[in-house]
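What follows is subunit A paired twice: with subunit B in the first complex and subunit C in the second.
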Partner chain A sequence: MTTAIFEQFINGTMMGSIYVLMALGMVLIYGVMHVLNFAHGVLFMVGGYLAHLFFFNLTGSYPLAILGAMVSLALIGVLLERAVFRALRDNLRMQIVASLGLIMIIQNGVVQIWGPHALQMRPPPVEALVRIGQLSFTVQHFVIIGVVAVSVAALYLFLTRTRLGTAMRATSQHPEAAVVVGIDPNRVYTLTFMIASALAGLGGALLGPLFLIFPQMGDAPMLKALSAIIIGGMGSVPGAIVGGLGIGIVESLSTLVVPTDYRDTIVFGVLILMLLIRPWGIFGVRVRGEH
Partner chain B sequence: MMKRMLTAALATALMASAAYAQDETVTFGIVTAQTGPLAAPGKFQMNGFELAVEQINGAGGFQVGDTTYKLALQVYDTRCNAAEGASAMQRLVTVDQVPVVLGELCSPVAAAEGPIAQDFGVPLITTVPTAASLTEQDNPYYFRINANSNQLNAALAQYIQSIDGAPLSFIAWNNDAGRGGANGIQKLLGDNYEIGYVGFFNVGEVDFANHITNIRNAGSKSVMLLMDEEPGALAIRQIRDAGLEVQLVGTLAMGSNRFLDRLNAEYLGGMVQYSAFPPNAPIERIKTFSDAYKAKYGEESHGFAAQSYDGIFAAVEAMKAAGTTTDPEAIRDALSEISFDGVIGPIKFDETGQASPPVYITEWCDDGTRKIIAPADLAAECGAG
Partner chain C sequence: MTRSFSNLAALACLVLGALAPLIFGGQPYVLYVLTLALCYTIPAIGVNILYGYTGLVSLGHMGFAGVGAYTTALLMKDVGVPFVPALLGGALAAGVLGVLVGIPCLRLRSHFFIVVTLAVGMILFTLFNNLDALTGGAEGLPGIPRPAPFSIGPIDFEFRSLTGFYMLTFVVTALIFALQFVLVRSDFGRSLSSVRQDEALASARGVNVFGHKLMAFALSTAIAGAGGAMKVLFLRAAAPMSFDMHESINLMMMLILGGAGYLVGPVVGAITFIAVPEFLRIAAEMRFIFFGFVLLVLARFAPRGICGLAESAYKKLGRREKTVVGYS
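Up next is the complex of A and B:
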């Protein structure tokens, strides 16, 4: 049983790391712009497809493919913010509708370009194995955990140690006051979308090769990430990290005691429980009107 | 006046010749998935239908009574959607008025089409759907060429009992096919056969890590994968990557060169799967079909194509026996009586409309070829599966 727990802990940490990447992107957009971008999952999926494109058609190098996917997604993020979300600023409902519409447009666009069938991509870290006792994991499991850990640290340093990061935090806390001290909210919003989209792209480029790259590959991670930010506390960066990792580990370990097809039930059960007893989440701030 | 009479005479002659030509062509209705997620297997099915039509017409057609008929197909894409299947079936029997309908890929769609066939008294011959219940509806107009899930499972359960594979675990689709298959095989194996773990996953899920841990935990010696090609390839990779040394047992979707293209032989060596049609079997009827298929389509032949090819011939044989190409009732009666040697084996429908073609168990060899290990009298070496 100890072996099984260890194996599931590693698997859960790996999937949890992916949820952390997704949740961080969504938290940034929600925290700074107060937009729940439901299209974040399709950006994750596009990351997988673009990594495939860069790997097989352009570079042949997996690290460059990841970088290519992130840069491309950053540019797509800029485009989305300027072309869609800027015009809908201050209209939360329309932003949600627009992001739901984007899911359909982008998923169908991908099907038009790459077809409906799943793509496979087996870069070296996916082919190589690490043996721990009788257990065996692909190197990609640890690549995902490591890359996400570095990305989270880099994001933390960016937000706390740079002028741009400080500007983002300032805008998130009080947009009007930020303008008074010379911060351009438009630039901050664009930058936020850019970083969040790049993180989604990174997630897709990391997870796609381990499994499959297909049009709906971002749907489940997006839902789990959404649960993670609610459990962690809406708008809280530490909450996104703890929530994402927690969900990954809980859903993996739960399958040792309940049937595997109840895995999602456990996750959403925890979410409902959290909404009932502490709706502002683990790291969230209780505001007036909430109980 | 003369000119008008000539024109009228010419028009009458043209109409008569058109009617005459129409009388010599029989149109079969075809329902299958041609677009959507199941377009690829639907294409195999169409390849079988089209190859049969090409061969029959190329040989000058077929004779019923004193008349020689050519074949044509009226095809409707059902996209594996029950509503579209029912609508296509309705259109074929009312608007197109075909004497027989063939095809369908998905069991739930066939289930929606069967009652329409019965209501309008037109025979429906399905060539791919495997849900056993389809031929248990007391529908005298429903016929099935291919083996159903009970027949496939029986062959597999017999094989599993013959090897030292207990405890046996399952990873299966969380739908009728997966749950029905897992339950069916467990029933056939009996209460004394040790089952390790039974796990279900939803269509679209790609992470099998949780199942693999449970399979390891249960000390399983063999794992049955009840799923299609895409998740099957992924599950096998993850099982092997996780270092599990288990006997893999798969479905017919996992016994083709297309599947080998998804995984290298190293992952597949020793895996067994049931098969309705081993395309490289050293059996004359299969060899002839596979050669013709490869010549036309440039790829290894496929069971869905072979079953569908036989479906066309079954309908033609029934028309010949009935002595009519237009009376669905007589064609139905003839179908229930016919007996002929198809590509997939002897075709004879039982009282429920179910044929009983042979079911094979094939095994992947280390060099990426396959061999037939059951039935014993058809066993053949690597390269023949």
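Up next is the complex of A and C:
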């Protein structure tokens, strides 16, 4: 039993790390722009496909493929913000409509380009195994956990130590005041979308090789990340980290108690419960009239 | 909303719909596609009451449609209940679930409510997919019987043929359309609109905001349930894939395409979304890409959908009419 718990704990930490990447992107976009980007999951999926493309057709190196996916996604993020979301600021319903449109375009566009069947890529870290006692994990498990830990640290330093990061936080806290002190909100918005999309691309490039790369691969991570930012507290960066990791670990451990097919139900059950008791989340602050 | 425009459009849809078997009698494929479009029109009317008139977005509505569908299917297949009570049973089951979900969740605002509907839809999908004993799991529930034929005097009605089933779906859709008509023109409907436009103001003017939202949600889920039931009765099999998140998104999309907050919005949307690409022979993926772009354009330039565009065109053609409060 202890080994089973340990195994699920490592699996959960790995999946949770992926959710953290997604949740951080969504929380940045939400915190800075008040946009709930439902299309974040398809960006994750595109990250998987682009990593596959770069790995097999261009570089043959997995780290370079990841980098390529992230840079491409950053550019896509800029495009999305400029072309779609900028005009829809402060219009929640139409932002959702636009996200739904993007999901349809991107998901079915990928099917047009790569076909509906799942792709496989097995870079070295997926083939190599780590043995801990009787258990074995792929090296990729620990690559994911490590890369996410480093990314979170880098993001934290960026947000707290650089001028641009400070500008982002300022815009998120008080947009008007940020303008007064000379921050150009449009630049901040573009930057936010860029970072968030790159993080989603990183997630897809990391998880894709471990499982399969297919058009719907981003749906579940997007929904889990959405749950994570709500459980953690909308707009809270620590909340996204705790929420993401927590959801990954809870869903993995829940498979020890309930059939695997029902683990999503557990997560969404926790989400609904949280929304009912404490809709402002673990780290969020209660704002009157917002919930 | 321009009332004369709205009534004219509704009347045109009604006449065209009733005459469809005569016009397309020799083309079973056309009737097949139209029937399918009607099966989506029903839940789209449900979403219209919720989104178009009350201003609440639900991204899990096909989950409720699934509850109605499986309930009706099981009632007809295993219990042998006739069509009408089985359909009402399905709608009731979906509506009761809507009340149960609505009571705690409708207190949440804007995107929090959307996320809850998404989560509820996902949970329902998981249940359809895994409660093998009840729903047949991923395999689905095959062999749902057709409604039994009956006669009124010398006229026989049967639902084995495509024309017969089309007319049945048409009548059910027309009844639900009539329900929508009566509802939104009633005091209750006007109060709903006030909730959509300004919740705080509506509340200050004595509208029971929560009660109205709950009622709208329950009606909306019950109608979605009836729509789901018609769909599985038509396809003669219920499968979880018919009620997943993407179907819920498609449903929202149909309504926005047609025009949320218009009586005929769901009709125009479902037919445009389902039927037009079929007849233009556009491959499924290309259709979604195309409509995805349409959605982006609508979000930016014409948030009131096809009906909104038609209404402005109608007003330019004809004289008068005061300004209309914008919907966004």
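Throughout what follows, the second predicted complex is superposed on the first by the 288 of 291 C-alpha atoms of A that agree within 3 Å, B and C clash if a C-alpha of one lies under 4 Å from a C-alpha of the other, contacts with A are read in each partner's own complex, and residues count from 1 in each chain.
One rule holds for everything that comes next: a contact is a pair of C-beta atoms (placed from the backbone, for glycine too) under 8 Å apart; a residue touches a chain by one contact, two chains touch by 3 or more.
No experiment lies behind these values; they were computed from the predicted model shown.
Chemist: Pick one for A:217: touches subunit B only (first), subunit C only (second), both, or neither.
Modeler: first
Chemist: In the overlay, work out which of subunit B or subunit C sits against more residues of subunit A.
Modeler: Tallying touched residues of subunit A, the top partner is C.
Chemist: With both complexes superposed on chain A, which partner does A:250 reach: first (subunit B), second (subunit C), both or neither?
Modeler: Neither partner.
Chemist: Touch check for A:64: first (subunit B), second (subunit C), both, or neither?
Modeler: After superposing on A, A:64 lies clear of both subunit B and subunit C.
Chemist: Looking at A:139 after the superposition, I want to know if it touches subunit B, subunit C, both of them or none. Which is it: first, second, both, neither?
Modeler: Neither: A:139 stays clear of subunit B and subunit C.
Chemist: After superposition on the shared chain, which partner residues are touched by A:259: those of subunit B (first), subunit C (second), both, or neither?
Modeler: both
Chemist: In the overlay, answer first, second, both or neither for which of subunit B and subunit C A:164 touches.
Modeler: It touches nothing on subunit B or subunit C.
Chemist: Between subunit B (first) and subunit C (second), which, if any, makes contact with A:111: first, second, both or neither?
Modeler: A:111 contacts subunit C only, not subunit B.
Chemist: Can you list the residues of subunit A that meet both subunit B and subunit C?
Modeler: Comparing the two interfaces on subunit A, one with subunit B and one with subunit C, the shared residues are 219, 259, 261.
Chemist: Quick one: in the complex, what on subunit B touches subunit A?
Modeler: Residues of subunit B touching subunit A: 36-37, 39-40, 174, 199-202, 204-207, 209-211, 213-214, 216-217, 230, 233-234, 241-243, 262.
Chemist: Going by the contact rule at the top, pick out the subunit A residues touching subunit C in the complex.
Modeler: Per the stated touch rule, the residues are 36, 38, 84, 87-88, 91-98, 100-109, 111-112, 219, 223, 226-227, 230, 259, 261-262, 264-265, 268-269, 271-272, 275-276, 279, 289-291.
Chemist: How about subunit C: which of its residues touch subunit A in the complex?
Modeler: Interface residues on subunit C, with respect to subunit A: 55, 57, 59, 104-105, 108-112, 114-116, 118-120, 122-123, 126-127, 129-130, 245, 249, 252-253, 256, 285-286, 288-289, 291-296, 298-300, 303, 328.
Chemist: Can you list the subunit A residues touching subunit B in their complex?
Modeler: Touch residues, subunit A against subunit B: 1, 3-4, 7-8, 11, 15, 116-118, 120, 129, 131, 134-138, 211-212, 214, 216-217, 219-220, 252, 255-256, 259-261, 263.
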